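Below are the structure tokens for one structure; questions will follow.
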């Protein structure tokens, strides 16, 4: 088994406020294997975007990594000085942001932005950089790339812009691409195209992808494994098919039941009562216990560990601790 | 659907004390001092009739022989002692400062109120209606901004003088002053309110009110106005300081309040004439008071602007 | 057969997006118009949920705004319960306005942040003069209860509530004037999936209890399938297909509908074969000639480039497509 590209261990991200310290990520641990697409799914406030930001070193102060380790192919990157992190960002980790309108500088042509990025991270001439840029744009599906590379971002439509952003993220040939809600701002018909492009081009270059989204459908189509976040904690992580079709964590199960699909026939959608707790009001024990229909006394006392299950799946739920606990309370 | 763990709800006062604004205030020594100084002067001015040892506006109580008495020294003719001395007409400087501050503050507040009402009204209309109404009002505002405010006030003063018969001039002087200063300041309120109105107008709560057929005036006053008041308060606080100084300037130039009811500006004008002949106290104390007042109000406005900054949301 | 509550015919709206007069004179450009909707016609029967579905530029929000009187149509007729809606006349419209309401997309912007919740909900009651004094607060309490909040929440301000709770407040406000017809403009698009399930279930329950008629605007086909009885599909301002809800998904008549269905991510992981989506939505200021869908249509014919298709009746409803008017359809 090859070592994982990315390894996150017990990551804790905190926000000191005048009312106390808020823990936005609480001992989150996961790996991303080489060439794999890991989906990071959760509702707003669950901490998925923060995870991406923490990995690439772009946490907005006063947020900070309080403890934990982030390893990129065997090297520790969470405690690097700013200059070193800057070099890793872009070269070894690429990022695709949500809003293509604001992630491209409107004052520079696409060529200038691509070439600048390529030359920052790789030692090539201007001409060579331009050749690579055009080839990349062509690969992401921009028609007449050689001509359009000199256009400004506002000359492109939304979907085309997002393709440019993907090209920008991949131009320095990173090992890991973090995509934060890459399709949320796009129309449905364009979403499918962008997801396909992202998946293909990353597979081609052997780059792993961390796909952050709230849209389970996108995960189902794209990811190999999926991690479900709830209130800053990892609830469940495992192969996509298993988690979606046979969710083990009560939150994941509730989530899947509440999504309307094109094929389901239920009259009412499953609804999970209540809402995700605010960061300053996380209950003791398992964060989901107020809303869980299967909670029992241990759930109110201890925060559950990630319990390993079949096929590489892990669930943070006391229901699965041992066979005994399944018998004691359903 | 119930909330899970219910802590007892804090009361309204507790929530206000704990809010971001009051926290910001408590943590800023500058804001506290500025607020303290302005409050002190304002209260002293309000209670002037009870605090002041003498009434400087009543000519009957004045004694010319009391004039030019230095502070805390008995007058060589009458033997009276005055804390801050007397001016050329025998008015007790301390009392005159108190009464003068009263006038300055009155004119300042009223001028700001007038400018606010005018500016907010025009800004709301311009922002909501758009089109030619907006263009017209903004061009008027632009033209007015090309005139320096003091010149504008002088102009209005001159025009008013032409209209008002001499008998009423003294009584009306203060109101003309208020209108003059107010008219020179309304534009900044109008601009800010117009911009904020245009933003709020497109928000869905305004559309919801339009769907049920609410009258546009009601939408403007009850829906939009409360949401555009934030920056207005900041401008008003700093505007108050500017209005006070404007009044002092006009009085200094001799076109403000009549000299029988001197304000701080008048005192400064009088005092300036005697500075180099040795009666320094007539100039110094009113100037210090004006400085303290204008500066503290200005600093308070600065703090308020930072405290209301959207970054705190 | 249930009677028709709302009927729309030939609804058209053009926006003048020309540059200012001086610019046009100097640059010698003509006036430019954006046709947001063109010749849209449909009927909504009492008690049903009719959905308008489309991507950006389809004109669905414009239609919603014209129906409730926020925008004036450039052409066309809107009839509510047989009465023509003339928004210019004051008094006649007042009685009609009581009978319909609107729920908006953004739960943060649709409630006045400076008003207390009880005032927000009571505003329609006061505007229409329905109740007075203590009766008003009783009614407000009852409405809050109805939507799943508590009467004590009336004294709070909107920012003290979460997105889902605010949408409930918006629903309570919409119900306070006891309307028959509610236009819902993307009511759950800004909400998390689990909260969306709560709100959709609530809307269904309220519809059953009060016999409400809904016009549901959405870009999400799955939501629309769950909620609507009949669905209209919009493309670039034209209604390309109208069909009964379930049958739209099993037997789509228009190529665009088929493309849209293919683009929806497959949560069931059924591995269904999907046709790749082509192209993007064209610029609405310069739409393609003839049938505006022809550049992206996999079955384009010559006539499609020249003529706008007419409405034809199909097995499932109506559609505008040349394929259906030539001898053998699809």
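Annotations for the structure displayed:
Lettered A, B and C in written order, each chain numbered from 1.
As a convention for this text, a contact is a pair of C-beta atoms (placed from the backbone, for glycine too) under 8 Å apart; a residue touches a chain by one contact, two chains touch by 3 or more.
What you see is a predicted model; the values in this text were computed from it and never measured.
Placing every chain at the mean of its C-alpha atoms, the farthest one from chain A is found to be B.
When every pair of chains is scored by its C-beta contact pairs, the maximum goes to A-C.
Per-chain CA centroids place chain B at a distance of 51 Å from chain C. Rounded to a whole number, the gap between the C-alpha centres of chain A and chain B is 54 angstrom. A separation of 32 Å divides the Cα centre of chain A from that of chain C. Among all residues of chain A, none touch two or more other chains.
Of all residues in chain B, those that touch two or more other chains are 1. Against chain B, the residues of chain C that register as touching in their complex are 65, 68-70, 93-94, 97, 101-102, 104-106, 109-115, 123-124, 127-128, 148-149, 170, 173, 177.
By the touch rule above, chain B contacts chain C in their complex via residues 1, 203-205, 207-214, 223, 226-227. The part of chain C that touches chain A in the complex is made up of residues 55-56, 162-165, 192-198, 200-201, 204, 219-223, 225-226, 249, 259-270, 274, 276-277, 280-281.
Listed in rising order, the residues of chain A touching chain C in the complex are 43-44, 157-160, 187-193, 195-196, 214-218, 220-221, 240-241, 244-245, 254-255, 257-264, 267-272, 275-276.
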